[in-house]
Structure formats: C-alpha cells, structure tokens
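Have a look at the structure that comes next, please.
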Amino acid sequence: MATAQQEAQNKEEEFEPKIIAFLCNWCSYAAADLAGSSRLQYPSNIRTIRIPCTGRLNPLLVIKALDRGADGILVSGCHPGDCHYIDGNYYARRRFTMLKELLEFSGVEPERLNFTWCSAAEGRRFAKIVKQVVDRVESVGPWQGFLTEPGFADGMEVGEIEDGEFL
Amino acid sequence: MPDPVVVVGGGIAGIQAATDLAEMGIPVYLIEKSPSLGGRMAQLDKTFPTNDCSTCILAPKITSCYNHENVTTYTMTELINVEGEPGNFRVRLKKRPRYVDEEKCTGCGDCLDKCPVSISDEYNMGMSEYGAIHKYQPQAVPNVAAIDASECLKINEDKCGVCEKICNFDAIEYKQKEKKFVVQAASIIYAAGYEGFSGDLVSDYGYKKHPNVVTSLEYERILNAAGPTDGHVIRQTDGEEVENIAFIHCSGSRDRRTDKNYCSSVCCTYSIKHALITKEHIKDVNVDLYYMDIRTFGKGFERYYNRAQETEGVNFIRSRVSEIEPGSNPGDLKLKATDDDNGYCEQEYDMVVLASGLEPTQQVTDSLQKLKVRTNKYGFVDMDEFNPLSTSRPGIFGCGVVNGPRDIPESVMDASGAAALAGQHAVLDVKDMGVEAAGDQEFRVTQNERTRVGVFVCHCGTNIAGVIDVEEVKEKAAGIPFVEHAEDVKYLCSSDSQDLIGERIKEHNLNRIVVASCTPRTHEPLFMDAIAEAGLNPYLLEMTNIRDQGSWVHKEEPEKATWKAFELIRAGVARVKNALPLERGEVDNIARALVVGGGAAGLNAARELANLGFPVSLVEREEELGGHATSLKHSLEGRPVKPHLDRLIAEVKGHELIDIYAGHEIKDITGFVGNYKLELIPPVPKEVRSDKDLVEIEGGVVIVATGGQEFEPLEYSYQDSEQVITQLELEEELSSENQSLVRDDCEEIYMIQCVGSREEDRPYCSRICCSQALRNAVHIKENHPDKDITILYREMRSYGYYEDLYRKARDLGINFSRYEVDNKPEVSRKGDELTLKYEEPLSGKMITAKPDLLVLAAAILPREDNLTLSQMLKTPLNEDQFFLEAHVKLRPVDSATDGIFLAGLAHGPKNLSETLAQSRAAAGRAASILSKEYLLTQATVAEVDEELCIACGDCERVCAYKAIEVNEEENVAEVNRVLCKGCGNCTGVCRPHAVDLNGFLNQQIIDEIETLLAKDDSEFAKTGGV
Amino acid sequence: MKMENSYKDLSAEIKEVAKKVLAEEDVDQLLGFAQGEFSGLTEPVIIKKAEQAQRMVFTEDATPMLSKYLLEYKEKKQAVVAKPCDTRAIAYYLSEDIIDRKNLVIIGINGCPGLKDNTACDECDTRNPVISDYQVGEEISSAELAAELKGVKYLLEDMTPAERKEHYSQEFARCTQCYACRDACPVCYCDHCYVESNQPEWVEEGSSADKDMIFHLMRTMHMPGRCVNCGACEMACPEGIDMRSMTTHLYHKAEELYDFRPGISPEQPPLLSDFSKEDSEPGFL
Amino acid sequence: MIKKLTNQDLKALLKELRQEFLVIAPFKVKQGRLMKVLYQPVKNDEQLSSIYLTDQPDASPKEYFLPRDDKLGEETAGADCEPADWQDQPRIFLGVRSCDIAGIELFDDVFIENDYIDPFYQQRRENSIIIGYSCSEKADNSFCQEVGVNPVDNDNVPLMLYQKEEGFFLKINDEDKLKEMGILEKIENLADGTDEDLEALINERQEAFKEDDFTIKSELPFPEKEAFSSVNWEEVTASCLGCGVCTFYCPTCFCFKFFWEDVEKNRAWDSCMFSLFTEHASGHNPRESQEQRWRQRLMHKFSYHPKNYQGEPGCVGCGRCVSKCPVNLDIRKVIAHFENSIVGEGVKGNEG
Amino acid sequence: MNKDFKQTIKNRPGGENLSLCYSCGSCTATCPVSEQVEDFNPRLIIKKSLLGFSEEVLSGEEIWQCIQCRRCVSACPQNVRFADIVRVLRELAVEEGHFAEDLEERLDDYDKEVLRYRLEILEEVLAGDKDFEDFSLKAGGD
C-alpha cells in the first residue's frame, strides 16, 4: 500500500480535489454504472454517496460535507419529471437552488456547488459531468472553509477600539 | 401451488403480465426470443407525453420481474407448438444456443472487446457494431453475453477462441446445441410484440438510398445518450449536427398500397415527442411535421400536441409527402408536399425521419397460426370486442401490440388484463396463493454484540484486480477500526464465494459485512441473500462499488483507483457500523375487492376477480346495474351491446362470490391498501334514515369504476331545437322502433365533431367520438343510401382499425369536411329550419346547408363527483378531473395510492372494448394484491422520532404516497409503513430531523461523509473510532 | 420620511382594544407589551383581565415577537398584539396548521412605525397586518410603502461574496453560542434544535467561529419560505452579530425566483414543501 | 496610602507598567452594529488615551479568568489534565468596578478557596493584579447595594482608583502585594493625596447611590421550600426565551461543560437556562420547563450559594442580566414576585 | 352547389373512387404540372368536386392542364386515381358545353407534336449537329 499512498500524496501537491457526489439510486447512480460498463474514463476525485432520491438529501448534509473539507459537491438526480418517486427531484430542485443561493452569497465559489440531472441512459453525460466538475473545482483551488479565519477568538477581544481622548 | 402460465415475449407487455401473475403466486415461464428482456421499449429514448427516460422507468421493472421467485426466464427461446386444453397445455419450446453458460457468465464483459469480429448491433438498429460475442444491450437482463454463431470464427472456422481463453468463469461453450423442451401450462399469454415498418415500405421515400432518411426506431437510438451517436442528432453522411429536420407521419400506415390501411395509433404522438426532444437537443433547430390528421387521442396527448404547436414552435404541415429526392447539397433531402394555401411545395432538410407504423412480425403471425389462434387480415390477433384480450383459442390470451397497434400504457393494461384471464385457468386455491415468506427467518440478535465487520474485496477476475491492487486494499482494510476480518476473493458473485461469506460470518462471528465489488443495483439482492443464509440480518450489508465506479473508469490511474477503493471501503465500514437490523413488517390483508361502480367496467372487473376466486363487493349508486353502457346500442364494430351487457349483469348477479350494493351511495372511505373501509348509505329515504342504516364493507383493494358523463352542448342550437341531438341520442333514436328523426323526409344529416372537446377549457380529446360518428353515419347510410350525410371534423381520429371504418364511410359516399376551431360552423334556427354555415378550409368556400338533422359529438366529461370521491380515496385527479394513474406509462390502472385501481371512463375517455380490457387489467392488478395473506412492508422506510417532531406537516406535504401524516391528536407525524416507498423526501425536508430513513440514516450518511473526507488514517481512527 | 402612527397613539388604541377584547371575547389571555416596573424597559406581558390592560404600551423597544409566545400556549384561546411581521409569522403558523385560527384573536398594528435599531424595519415590506381581527392605527397605503422602499438595499447586497466571507469571519468570531437569535425567532420553533443533537452531530461542539458559521448556514437552510424578515434574531443577539443578512438574502431570492413571500396568507403552502414543474434551475449544470 | 494623579500621570504610570505587565483596560469597542465598553489588552502606548472608564463595561472581565472555551489539553486514560506552564506576562486589570471585583471574589471562593482547587483558574488569578474603580453614578438596572456591594469604595483590591474631575485618587490597599509585584516603586513617587479629600468624595458619591425603587426585603438565603411550593414562577418568567445571555454576562455565573475534540479536553461556558443543561442521557430532564430553570438561577444566587458560602449572595447586582436580556426580563421583578408570593406564608428569611 | 355532382362523377368509369379521397395531398405533391403551375392543385379539384362546385370545376381551365402522367395514381395511398377523374371531368365539361368537343383531341395532337419536336431536338443534339441553345423553347409554343 505504501506505494499507492505515497503516489497519492505526492500528487496531492498539485491539488487533487475531493468531491463528494450524492447520486440518486435510480438515474444518476445508474448512469455512473453505465459509464463504467461503457469503460468511459473520468478523474478519480469523486466519492459517491448513494441515496434513494435527491429528495432524501437534506441540504444540511451538503453543508456538512463542506464543513468536513470537501473541495466540491456534486448532486445529481433523475431529470425533472423522471423521478422514480414521482416528484422527489422537484422538491430537491428548490432546496438546492436555495442552498446554492445561500452558499454562494456567503462566499462559497459557485464552482464548488454542482447540481445536475443525469438519466440512467446518460453514462457519457455522467463521465462528462465528473470531468467538468473536477475542472471547475480545480479552477478555484483547495477549499479553505467557510471563513477566512475559522479559528476561535476570544469574544471580548474582537472588534474595533474606538480612538478617543477619554483618558 | 397453482399451475404455471407461459408468457411469450419479454417486452414490457410480457414483463407486466409475468410480474402480475407471479405476484398472484402463479409460477410463470417467461419466454424471450432475444438474449435479453426489455423488448422494444428498451430501445426507446424517451416516452410520451411526459418525456420520461425509457430505460429509467423500465430497468427496475425488468430486474424485479427477472428476479421474482415465481418467474423462470428463458431467453433465446421460441415457441414451437402447443398441445392440450386450457388448464393443461403442453408447450413445446426451443432454446437456441447462446454459446455462453448463463449460470457461469457473470456479465463481467472481459471478453467483449477482445472479439476480433465486428457485427452490426441489433439493439442500436444496426447503426453501430459489436463483437460476435456481445451483450445484446449494455443493461442486458440477464446480464450475460451471447455469441452470434453465424459470425463467430471459432464456431465457423475453428479459429480464434479468444473469448474462451479470456473467460475466467469457464462460461464459453462453443459446442452448445439447440435445446428443445416441453413445459406444462394452465394457460398462455402471447406478448410477442411488433416490428416497426421497414423504412423502404414506401419506396418513394428512398430509405437506404438516402442515408439521412431514418426510421423512427433508428431515430430513437440516435436521440439516446447511450446510442450510436451518444445522443447527438447528427447525420450519418457527414457527422454534421442537424439544423433542419422533417418527420413524415403515416410512413406506411393508412395506405392501401402497403396493405396497411390501419392507423398505427402511436406515430403521431411519438413524432411530436421526437420533435420536442430534437428541440431540446439542438437550439434553433427547425422541425417540420408532415401529417394528415394529428391523432393525439390518448390521455394527456392533446396537451402535448398543443405544447409542441404553441410554445415549442414545432411546425405542423397538413400534407402527405409524395417523395424524397436528393437536395441541392450532398446529403440534403428535398421533400415534395402540398401546402394548404399554395398547392405544391418543396422543402429541403438535413434529415428526415419516417414515422413508421407498427406491424406484427411475420414470425409473430406465423406462430399465432401455429398456436391455432385466428389472426385478422393485418396479421394481428383477431379479437372479439366484447371479450378483449381473449383469442379464438380458449386458454390463450394476447397482450400488447399483437392485439393491434397500441402504445405502452395500453400494452401494459392488456398485460394485466391478460394476467387476470390467464390466472383463472391456473388458480387452484386462493388461500394457497402468493403468500410471501415474510419475516419467516430468524436472524441472529446482534444488537448487544461488539461491532465486528467483515470486508470482502472482489477481484472480478481482472476487471477489478487488473487496475486496483486488491491485495493491498484488503491488507489496508484489515486495519480499519471494527474490521474483524478482511479477505479478497476472485469472484465474489460465484456460488462458492457466497458459501465462503457464510462460513466467515460464523467463523469470526461477524455482524456487519462490507462487500467491495460491483454495483449494488444489480448485486445487492445476491449478497443480502448470502448473509441472510448465514443467519445475519441482510440489512447489515454495505456494498461499495469499486468496479463500475472504480476500476472501469480509472484504468489509467491504478494508484488513485486503489486508494479510492480503500477510501470507499473505509466509508462503507463507517456507514455499516450504524446500520440497523431491519425487518419488513407484515400487515393483514383483507382478501376482498371493493368495486365502486356497476357499469361495464365495474361489472367486468368484479366478474374477473370473482372468477379468480376473490370475493367482491360491488357498489352502484343507481338501483339498476349497467351504467353508461345501457345507452349504447351498438358497438363500434356495429354489434348490439345489450345482449352482452345483459349476460354480464346476469353473471355478476349470479356469482356466489359477489355481493351487490345497488342503490348505495358512498359516505366515506378510510384505510389503506389491505384494509379499506367503505361506509355506504343504503337506499332508505332520507327522512327515515338513521346512522344505524349505514353499511360498512371492508376490502383489501378498491377499484374505481364510476364512469363518466356526456357533455350537454350549449352551442349549435342544441338547447332549443329537437333536430339537434348528440351522438348518444342518435344511437337511442336508431335503436328505437319508430325512428322519429331519421325518417324519410330527413334528407340531409350533418354531424359536428369535437363539441366540447379539444377546446381551451377542455383541452383533451374525447377519443371515441370520431369512430362513434363514423359508425352511426355508416349505419344510417347502409340502411338509407339516399340520405346525404356530412361529417364536419377537425382531425379525423379513427385510430387503429377504425381507419377501415373511415374508408368505408368515404366509400359509401359520406361527405367529410374539416373546420377550424377558431372558425366553428354556425348554426341558426328559424322555426323548424336549421341553417348551418361553415368555411371549408381547403377551398376557402363558405358553405351553407339546411340540415334536417344535426348530430353533435359531445365530449365525454368526468363525473362531477370525482372530486369528492378522490378526496375520500386520497388519490388525485388530473387537470381534466379524471382519476390520475400512478404512472402514465407503466402503471396505467394503478392510482397514485396503493391498492386503488382505475377502470373505464373514470380514468378517461375510452370505448366499450377498451373499458372492458382496462377493467380486466384492474382485476389483474387487484388480484396481485388480494392473493397475499399478508402485505409486506418495505424495510427501508421512514421512521419518526416523536420527541423531535413538531407536527409542522412538511413531511406530509412532500410525500407523494400519503405514507406520512400528522396525527392531529398526538401532534406528531406517523409513518404508514405499508405505503412508504423509502424515498426519503420527508427526511430531506424535516427541520428537527425527526424523520429519518432506515437504511439511509442521517448518522450513516454523516459518518460516510466524514470518513470519506478524513485526511489520513489517524484522523480516521478518531472519527471512525467513536 | 415614513408615514406612520405615533407610539403614543398606538399605545392608547391598544389599551382600548385590549380592554374590549378581554371583556367581550372569550379569551384566556392576551399577549402584549408593558413598561417594566423597575427597568422602565418594554417587556412582553401576559394579561388575563381587562383592568390589567391599563399597563399596556407600544414603544420603539417592542422588539420581542409576541407571535412566538402563542405557540407556548396553543391549547388556550389567546389574543395577541401583533406587529405586521408578527401577523406574517402567524399566517405562516396557520399555513403549517400548527395553531388553530379559532384560538386566536389578532390585534393587528396598522402602519407599524418600526423599532429602534432594527435594520429589518428599514427594508420592511409589510407595514400593515396580513391577518387580523382587530386593527389599531392608520393603514399605510401600498403607494406610500412602495415610495419608502424605493432604493432600499438589503443587507450586504453590495458586497462581493469574498467580502461577505471576510465579514462573517469577523462577525462569528464574537458568537457566544447563546442561540438567542434562534430563541427569538418566531418561526424557529422546534422543541429540540439540531444544533443540540449529538447523534448525529450536525454542528460539532466547540466555540470556534467556523462552527458558528455552520450553525447559521444550517439554520438559514431551515428559513427559506419561513423567515418573515422581522429582524428579531439580530436584535436578540447580545454581540450584535449580523446573521440576518443570510436569511434576508434567501427571503429576497425566494420572492425573485418563486414569487414567494412567507406568511402572506394562511393558505399558501410552505416554500420548500411545494414545487412547480416550471421552477428555474439557476446555475445547475 | 493615597496618591493624587492627573490623567497624564495615570497614562505615564500605565506606560511604565506596560513594560512588564499586560495591561487590560476598558475601551469603547465597536462590535458589528453595537458600541460596547469591553476589557481589552492595551496593545500600544497610544491606546492609553482611548481607555474608557466613564461607563460600566458591558461585560465583566470574567472571560479573562474563565475563558469561554478553555483548552485543557490532552486527556489520557486515568489522568486529569494539567495546565501547561503559564507563559504569559503578568496581567493588570485596570478600572474594575466593585460589582465585578465581587464577582472575582466569588470565583475565588469557588475555584480556589475550597476543597477543590481549579489549577487553571488558580494560575490565571494569581497572575493578575486588579486596579479597582469607584463608580460615580449608578449603572443602568444595577442594584449592587442591595446585595452588599459598595460601588464607591473597595478595600479588597491592591489598588483602587477614584476619578475626580480632571484627575484621580489612587488608594493603595495592599502594599505587600504591590511590592512583591514590583509596582509599588512605580507609584511611590507620585503626589500624595489626603484621606479627607478621598473620604469627602466617597461620602458624596454614596449619597447619590442611596435612592432606589428596588429593595430586597428578605434575608439570605431565600427559603427553599417555599420556592418550590408557593411561587408561580411561570407567571413572571413566561417571556424568557431560554437563551442564557443573562448567565453569560453575569460576573458570577461560572457553570461549564466539558467536551472533547478528538482527545483534547475542552471546557466551555454552559448555562442553567439551557434546556439541555440538566437533560440526562436517558432523555429525562429534571428541569423540564423554563420557569423551573429560572427558579434554579434565582435560587442559586440567593439561596444555595449563600447557604454554601457563609451567607454571601451569588449576585453582585451589576444589572447586566437585565440590560442584555432580549426580552427585557428583569431579575428584580422576579425577586419582587418571589417575595410577594411568600409574604402570605408569613416567612421572612430562613437560616436553614 | 350541385349535391349530385359527386355521384355523377362516381357513376362514370374512372370516377368511382372519388369519394375515397382523404385530402392528403400526395397527388399535388407529386404532380409535375403543380410544380410548374401554382394554381394547379389536384387535391383542391377533388375537394371542390366532392363539395359539389361543379360549375367552377368544369368551367375552369385547370382540368385541362393535367398531362396525364399518372404519377398521382401511383402516389395516392387511397387509390383515388385523379388522372382518371380528370378525364371524367373533361367529359362532363364538354357535355355541359364549357369547352369544345374536340379540345381533348386537339390537346392530344398537340402533345404528340411536342413529343415529336422533343425527339427531333434530341436527335440533333446527340448527333452533335446542334446545341440545346439553338432551339428556342418558346418557338415551339408560338
């Protein structure tokens, strides 16, 4: 294992983003499988978490993944209208739109937040999307967290001292 | 055990029929001539009118059919002949050699790209190539390769043999021989499907001569992301993306020159689908549709058409194309057609798609003859419209396109209906049927044990091990906290490996298993069985996909793939450590059907269910049975309805298993699948009625067959002239003794179509009016040739064989004129004299007539009380207030609510024969539930933590299955485990995280996230160790 | 220049209406504001008898959201003095069906003059009650409201995302994790907040600013379609932390993308448990 | 010994002290939309002019003794955490008022002068010199005199400052300590003041503090039994949101919790106003409702603490819990309600 | 409007299938005359006949424009046989006196003449004696 691990670590210097992919079981996970059986090659940076439906994905889990240091996120479900569970992805679409708006507002680069749809027949699209997502995340570099100074500061000691001739 | 049923054809119709029968507990032999299940639907890209991805909705259905314990699938198998009687057929079958052992082949695909031979890919309509050894389609079921003997070098010339050398399973068998064998069957369902018309059927279109002329099935593959062009709409000649494309409707259909005068029924709507999807693929593409009549008569199709026309900018040109010639640039095509305004016109396109119709293959027609089943002149099964789905030979039933042109939902309906009929021959004892082995098995209690995870890493021959260093992964995995045992295995899916897993579980007392191999989508059931076999709860398994999403896609980066595999396993361990031993719950099921509505649909459904052996309670609000059908005098084929209806009513009344509640109104409906309760108001006058009189009936399923009603026209002087009647009133008139309206001095009869249908506030087609008008007009003309009859229509929608009726009507001299919806005929009345004025759009002439009788084709409306009923049933209506099916394609008789089925006009406009077929389907679907002593709930369902729940109702609002509801008394949400499908939408929306989804717990996903992102082993030791 | 009612006039009117309600309506209690006995500060009070109504006031310090207290006593029949933002919170409760309209007598404040130091009042788009049984004060017309709102920018609108990231780094460094923001929020009414759950542990324990940021991001994701932009969170914060800019952003985005304004009608389904097939997909791949 | 200083003298003194000490003094600090007065370390000599003594600081200096999030170090099996060697400079806290001094004294009682010594607190405390400050006017919502705190004068700190017009009196209470710390030599050369002048100032000020609407009529400790049987706490605390801001700003609240980041043990502020404060792992919570938590807070300060510490109140009357409360819930109102409720019982004071 | 017109046509040999027409337009689309002459529209002629506009159909010149190439017959999916119907219409037009009795005959002769001229040109061009440019198409018409 030593070799493999070293290899992986050596390469890390050139930034190997870690991307958490939440894929719905029925379409996008199947598309990922199809990409495999079609032997389409894509970067190894994604780590897939299989969920039954994008509707299952509580947006807090995405925040959690970023909190834990994911450089990028990919969420992919069935195309709108194709949901195995009738309309789960329509709800998911609103949740993710709001999540994206919030995170981008607070300074997360849009390149890290990737939401899309991929049907069970779209193995090629899946491979393309992974490549695209890896490129996007690489373009903004490693994720440093939600704050510029994430550390603890004593509450009292922060703030701006008002200059004045009080004494 | 009931006797088996043979289902011929593994397309969507066969799969549905086999699944329904299997769910009833009847053993099924499913025979498919190709190497994979799936049929035509598996080749389609999207499906109308929702543009659903075809594979996405079909694949789960195929898998569950193939894996069903009651289904035995024979691929590459054909039927030779059938001897015997219903209940005891001997079916002789022939299985062609696959040259690959189906048991041994794991579908690993090692051999596929090594084959030196290239042959045309049948699945992609010959537009791409694969080897002599190939998988019929990428998602083949069974997932097994096959060798095309005619091309194989080894078989033909005893050269090569590379696939045998490469195969690690010893699965290649060049010496395989054709096998003939006999199975016993109680009945047979024939669902052998269809062929698209050959592209050169209409020689003027130059198919094959012009490479850029393709058929619709070929176009499906072109549109498909997994097809020969990866979903790019490009031309075969130069690979250029298409900018200008034409679709030619009726390419071969409605054409006496091809001997196919029938309408193929589906081409109009699928061409609209093609047009819309082409528009999605290519921005600014010009799409022209050449058609004669747009026949979007199915449920929801008219809106689809309107959308294409009004918002998507698809051009519709009312003309048949006479011929296709080469265009001015190479590869371009020139179409010659007729313009409504200017006569002759010609237009050039980059690509032309022929909307080819449906026909039974010669093979189908031949084997029908071998089965001694009568076919009609077009080669389809000859079918009695009062006894749909039955063939001329008792015990043999047809479903799908063998019965005539039809779309997917109709085929699926056929299938469930045929299952209901075929099942009647197979059933021995209802109590014996289909009791699923619920939590029969006792599993080891592991809750109080220390967590001991077993990790099994599969080489999959070289599929994984060729890229990933499996042994290193195993070594490393052994060091993950909680891992008690790690092992690498050559092929985990082989049966001795399954035994090995069991042994290791016992040896090391393992209580969690991680299998690192291929995709859980196909292999999870296998490994779940294996660990259940060893006494471990099957939900304590986690699969990590290091092949399909590992070695196969990272071939160039073996180190990274190895590291990734390890990380995935580590995350799998983190996830499985919090897995709960889940169980499927059992819920009592009342073996009685509640049929609401005593019209043709309800009566027929009740009869079929009773014939299957299930008790039925039939509720009808009127005192008399028969419903809408009592006012029909003759069928569309012209046969009297009454004798058939009377016989049906008599059969139902006389059936010992059927209780009839005539004159009863429904007061309330409660419960859910397995346990529905109807509260009925008996026919006691209001004044003397008390609560004591209310009747309560219970059943496991409800069939909604409440019918529809005829629109009462407000226009065309209907309200103020006796000479203006509806088609239904005309039928009554025609059957009465003294015909008061169609008398001698009534010389001129006009009929107006689409009265109340296909208008802004009712944008659906009532489907049957065109054929009904044709039928009535022909009837009059045949009896009174002197009468001058004119039918004013917008599109003549004589789909299927009714096209013959249309031709007959024209032949008899009945006049046809079109009108436009924004320029409707005007009718005025002066005394007894009616004046009708309309503009004939082709000639632009204003025509004035003085009809003696004006017959209006009034729309079919949903019943006004549909809304009340739908609220009681908690099942939705569609935009037009008809009952909405669970899925427009694949669950056309199921409502969105489990255990509620739809039949007849309550579901949407349809003719009597279609109603009878659909009610049989409802019976078949109902039987698949009723036959179970218990209903099993899913194990991976949502669960509510009552402490956390705030009763905000978000979960209830997002649940598509009404499986979670706020209990107003207790102020908490409650999950109905029977209804829950485990989608987790409630879990995704819940703020206090009170709802969690078993199998996908928040804790599990968080652990997985944290472990996947752990920077190194030591960090993992911390997070993974807690 | 805001067209508004004076606190004095409103106080007087509220007293009268409160007396009337307590005397005539069959209510168990009335929620309002009174002057603190020792502090002189405005504090929420529960009043049960008409004679106690004399104590009632409405001042520029009437910050607490009385709507929130309704949920504590939802079995009782209650009257409440409701600022327009309170009425929106109440309409939201009704849309979730967590409180019974029959148990409510709403005394709505028309032409709300706003509160001291509450920046949310500067961008307030609801200055009359959306639902009420009694009303005090003069209504503000929609034209007047529109004129006032013209050119109003919402919090941090002009910053770049990177500037905001810096801003939040400064802000959350002060957080003491008292969660007064949550406790003061009328639509944060879970019995057990996710931040206090340790299995699973949504927010890890510890006082570093990034954990506070996580808490607020997660809380904000519970807010789209719920936050009525009342500013109570920010007003409650003893450290003066700006967390409202996040919820406010989604408040405006929901309006922009879905034409959705939380709590404007009891019939409106909550934003995230509803969808339209035509919803846009901004920024999706 | 009393010294007399001009503003310049004080600044010069502080400048000198800064050579050896970390001087922590109140400043006006802008935090977000709020302007607060907070103790902050003086970072440079220029800042000395900005020291702001006029108003009561928004927070007591307790955070410098019991940090909000105290990293205690690695905890290994079977061994307690030991404080790492204190590396910081010795600290001087300038301008601490009597209420906050009383708060620190209370901490000393709890963390040092007890059977259990908290080594973390002890190190910080012994490393600190406090220069007290005499209040010239009553802070908003304060009631210090009602709990036995003299806002104007204090002998419990080594040095006490009294501001007067353009200058200060500096009273030296503990020469030994100052000598030991090497401070005395820096003060000795300053101009002397007179006891009379200072006394006059103190008396004048005390006059101003006499009037208050609020008095505590009961003796400490408050009776415990009646608190449980005779008081409707809900009636008076219904508006409480349970945010615990009162306890965070309280100079005497010291409750904490432990948590671990991996193997690092941490100690962070906790609050009896939080519902989780008393929740058992089983899910059972002995103080289920907010009014029960209020009862606990009040009784801890006015009954349990006095009982355990020779009748000393657990409240220093600084009034911050009232000023900081998001719903302006007033502890004085609660005390008054308590007293009114038990008056009917004929109880006044309880030594039990 | 002549309601019997349709029946009149159907009663004559060649006109039997008139009413089978469903107006698909294949005839017009394939017609070489329609390609040249905008107003010549077999689909419309059939429709007008079916509607009974006998006067308009019979008196118009359109029915004489057909060159009887019969492409419409092979293109028609319903076997309406427009070329045959045109002949019936011409008969009727003559019978009703709209056109001279020998018009058909003379057109035939003229067609034969045109054909002869065509062959002549072809012969000379193929023989290399002349070029197509040497023949004025208009000359033949004059």
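The chains carry the letters A, B, C, D and E, assigned in the order they are written, with residues numbered from 1 in each.
Definition applied: a contact is a pair of C-beta atoms (placed from the backbone, for glycine too) under 8 Å apart; a residue touches a chain by one contact, two chains touch by 3 or more.
In this text, all values refer to a predicted model and were calculated from it rather than measured experimentally.
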{"item": "Contact clusters after notional removal of subunit E", "value": "one piece"}
{"item": "Chains touching both subunit C and subunit E", "value": "B"}
{"item": "Farthest chain relative to subunit C (centres taken as mean CA coordinates)", "value": "E"}
{"item": "Identity of the chain that, by mean CA position, is farthest from subunit B", "value": "D"}
{"item": "Which of C-D and B-C has more C-beta contact pairs", "value": "C-D"}
{"item": "Subunit A and subunit C: spacing of chain centres that average the CA atoms, whole Å", "value": "33"}
{"item": "Rounded Å distance, subunit B centre to subunit D centre (Cα mean)", "value": "74"}
{"item": "Inter-centroid spacing, subunit B versus subunit A (mean Cα positions, whole Å)", "value": "35"}
{"item": "Residue numbers of subunit A (touch at least two other chains)", "value": "59, 64, 81, 87, 91, 95, 152, 155, 158-159"}
{"item": "Multi-partner residues of subunit D (each touching 2 or more other chains)", "value": "31-32, 36, 68-69"}
{"item": "Subunit D residues within the subunit A interface of the complex", "value": "7, 10-11, 27-32, 35-36, 38-41, 47-54, 59, 63-64, 67-69"}
{"item": "Parts of subunit C lying in touch with subunit B, wherever the complex brings them together", "value": "96-98, 189-194, 197, 199-202, 222, 269-270, 272-274"}
{"item": "Complex contact set, residues of subunit D against subunit C", "value": "31-34, 36, 68-69, 140-141, 213-214, 235, 238-239, 241-245, 248-249, 259, 261, 266, 268-269, 271, 276, 322, 324, 326-330, 332-333, 336"}
{"item": "Of all residues in subunit A, those that touch subunit C in their complex", "value": "59-60, 63-64, 67, 80-81, 87, 90-91, 93-110, 113-117, 129, 132-133, 145-153, 155, 158-159"}
{"item": "Interface residues, subunit C side, partner subunit A - complex", "value": "156, 161-162, 164-166, 168-170, 172-176, 194, 202, 204, 206-210, 213-214, 217-218, 220-221, 224, 239, 246, 249-250, 253-254, 257-258, 271-277, 279-285"}
